[in-house]
Amino acid sequence: MSEIKIIIAGPRGRMGSEAVKLVTTTEQFKLVAVLDHKYGGMMLSDVAGFQTISNVPIYTNIENCLQEVEADVLIDLTTPEVGMYHAKAALEHNVRPVVGTTGFTKENLAELERLSYEKELGCIIAPNFAIGAVLMMKFSQLAAKYFYDVEIIEMHHDQKLDAPSGTAVKTAELISDVRETKKQGHPNEKETIDGARGADYDGMHIHSVRLPGLIAHQQVLFGSDGQTLTIRHDSYNRASFMSGVKVAVETVMKQNNFVYGLENILD
Amino acid sequence: MSEIKIIIAGPRGRMGSEAVKLVTTTEQFKLVAVLDHKYGGMMLSDVAGFQTISNVPIYTNIENCLQEVEADVLIDLTTPEVGMYHAKAALEHNVRPVVGTTGFTKENLAELERLSYEKELGCIIAPNFAIGAVLMMKFSQLAAKYFYDVEIIEMHHDQKLDAPSGTAVKTAELISDVRETKKQGHPNEKETIDGARGADYDGMHIHSVRLPGLIAHQQVLFGSDGQTLTIRHDSYNRASFMSGVKVAVETVMKQNNFVYGLENILD
Amino acid sequence: MSEIKIIIAGPRGRMGSEAVKLVTTTEQFKLVAVLDHKYGGMMLSDVAGFQTISNVPIYTNIENCLQEVEADVLIDLTTPEVGMYHAKAALEHNVRPVVGTTGFTKENLAELERLSYEKELGCIIAPNFAIGAVLMMKFSQLAAKYFYDVEIIEMHHDQKLDAPSGTAVKTAELISDVRETKKQGHPNEKETIDGARGADYDGMHIHSVRLPGLIAHQQVLFGSDGQTLTIRHDSYNRASFMSGVKVAVETVMKQNNFVYGLENILD
Amino acid sequence: MSEIKIIIAGPRGRMGSEAVKLVTTTEQFKLVAVLDHKYGGMMLSDVAGFQTISNVPIYTNIENCLQEVEADVLIDLTTPEVGMYHAKAALEHNVRPVVGTTGFTKENLAELERLSYEKELGCIIAPNFAIGAVLMMKFSQLAAKYFYDVEIIEMHHDQKLDAPSGTAVKTAELISDVRETKKQGHPNEKETIDGARGADYDGMHIHSVRLPGLIAHQQVLFGSDGQTLTIRHDSYNRASFMSGVKVAVETVMKQNNFVYGLENILD
């Protein structure tokens, strides 16, 4: 594979700074520019934390950037609004977008899909780049075809506000798509303390553990006569997203169509 | 240690038949009689399932049994009512009782304690003989002095009716005894599906998983800054109770006092 | 789906007796005969352990059985030699074989494949019917395309003689098929006690735990920057094989080709 | 409890900076000075990373420090040589040492014990401040009295050079101290690939897993008939040491004797 020339939007964010590290340390990748709302006209090496990265200009405006810099892929790790604007501009300049955002509307997705189709260019939108989490969900959906009973235990640090986690609900949705609704547990089971059996999602039970020390963990447990199958993902830090970004960049160069969700490029 | 002569009450029950196996295969133990409400006057080897066990008479009446047979210990695995009657009769005949039952009242326990004290004879009443489960509870109580945040996940087959399990509640009680009440999790945490955060016991959260295939499992998770400590017990079958019965028999011969709960003889 | 008429060979074996239970309790399945080297001419209800199962004749000779009884599927849980003979006879009488055996030679498999092709009849040979174990291996192979570092921990009761287990080696083989050989761990890592890093299979490490109490468990751990993915199977008893037999019977009726390995019918 | 006045030696190290954070954020603790081989005469707030911490002078010489500053406890997180010198000086000035170092000789320990005894002052030397790891070892030793079969699985990132880890070996030692040597596994067990059964330490087996993504994890598995008991510690970052330092400071104020090892103050 020849070198892939990459622009990163949002290089100073938590995901973005990991992406800069990924691109500048991967042999086949080359960082050719970054997009930032600050520091336009400066070099990335002028910014604290990036002193060792040479020859990467900073742009505040994507049109200017795409006119002046030759690139293959745009990695966008900004906000849904900015990401949408960037992705459209990229496709119009024949640059393939890899966008990590959870907030795109159905209209946004439809518009990008149409543009990707017209330009015959790959475009990948991924709400979750943690390859392990995506595989966990994919495997859970596969397993649910043979194991009709499943419970999800997700475990996070105790600063998390919402329970269950988004990943747990997404996992339950994916399982729900492939199985008939089943009310699990004994028909006459009884909670002697409310909530013991967890949250009910379409007959499945989801349990949310919150403890200091924990980071982000989930296990999906399947049971049938005489056996259990467990699929578990442990995420320890943000570096976990980068293998997913790498696969997405490699794939977006090979495919000429629109993809939503990392699970659809992992085969 | 010289040979310990043992009577078993309830030899045909699920626990009882395991106890017969334990006593007849342990070198220092000798089965001298069994108590059963059926088959009085027959030999144990006449009963289906026990054909290979020779020279063990069956009694239906404990008084007759204790008058005719010389014994050191009575292992009682019957019901609370029968167990109480048997334990008293045993102490009066200078035989030390080891009783596995969950249903004794406070008055029962007080009466046996008084009798044990008067006769200066060991007497052990244990609601749970699974040594691993008892150690899990004991360690959890010890850990709770240093880790103020704890969640319990208990997992059982889906034929179980009650949630949480008795062991989970007992574990929470033991932890509660040694820590100040603490409302765990983020003060503003929110369940987007009811029950996600499990049952609340004095600020701790208990989660009950039910799946076919599972048998009886519990994990107690402790968290603090940057670390977690997990204590887990898996019970696969009834044989798990027998190491506890063995320890209890050995201990009841050495101690001349009343003990309630296996945790109090494991040091 | 209309009723599937089934013959079981080897009904008194450990797997076979579970299969009898499965077939007689599954609504769409009907047990029409059994093959046994004993009790020919009797009814299955005459045999200890099967008293409640009515109207199932016992045959010692498969030719007689297939001539007298109308059947759709033969489930064979005997030995490789008998299984081979039975499978051929079944195909020749237009009955679809589902055979659970680990000992078939390549020649056996080729012969059955040819016969299945000629008769245009489904035929499934599966060395392992535990659906959870098969999915664990399948998912491991899929995950290995994205996670280049993997270790396998298999855990069994301490009566097991060989280490590593067959399933662990099979899992490593399947992973090896899809990844470039990688010597894992630090290049300069050092064992201060021999064997600490486990068995080396093509750069992967396999660890075999043996403890009383354990039954049959395996976890496959994948790691990459900041995350781990774990796939675990726990097998508690022989009933765990039956969901695989059920899927195989349903599939063999729908497909008209030869299949070796349950993994090839789980999609 | 009244306020405890604390000096920290080694404030800029990885452990030391966590200790500064602990002491300055714990209500009953007060940081009164730090010892550093640099920056003598400056204030801690002049040093990068500590700008918000006011009124803490830096000393390079412990004698000067102890003469000018009134203190109750010295937390030393330097090297064995410096730590030894500091601990002696502290005791002589009636300041109680809490020292975290793994390198003290037997002579060092004996000398500090004598000095602590003469001055009737608490002194705690702890090679490992991770309370969870210390409890795991303590519980393992307790469990080994009732479970005679145990295997240890330790799991670390793949940059670790030695296998097994120090904590795993220490755990095996502690278990060895309380049980008769037992050669575990089946007497005729056979490794079909060398190393599968792990490292042998006095009959116990230790398995070392190395994967990118992992941090520092250990589980101790005990098995007996029909049950397993697992004690697991996960350490995610250096903050995990601080709860141990906190307990040590509180204890050293209450006890007037010498203690080696955190396990001896956790009851």
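When the chains are written out, they are named A, B, C and D in that same order, and each has its own residue count from 1.
Convention: a contact is a pair of C-beta atoms (placed from the backbone, for glycine too) under 8 Å apart; a residue touches a chain by one contact, two chains touch by 3 or more.
What you see is a predicted model, and the numbers here were worked out from it, not measured in a lab.
Comparing contact pairs by residue number, the interface of A-B is reproduced by C-D among A-D, B-D or C-D, since over half of the pairs coincide. Chain pairs B-C and A-C differ in how many C-beta pairs are in contact, and the one with more is A-C. One simple way to say how far apart two chains are is to compare their mean CA positions; for chain B and chain C this gives 38 Å. Chain centres here are Cα means. That of chain C falls 49 Å from that of chain D. For this pair, chain A with chain C, the centres built from the Cα atoms lie 36 Å apart. Among all residues of chain C, those that touch two or more other chains are 213, 222, 224-228, 234, 236, 240.
Contacts from chain A toward chain D in the complex involve residues 213, 215, 234, 236, 240. Put simply, chain A touches chain C in their complex at residues 130-133, 135-136, 139, 142-143, 145-147, 222, 224-243, 247, 266.
Interface of chain C with chain D (complex): residues 149-151, 153, 155, 158-164, 169, 184-186, 188-201, 205-214, 221-228.
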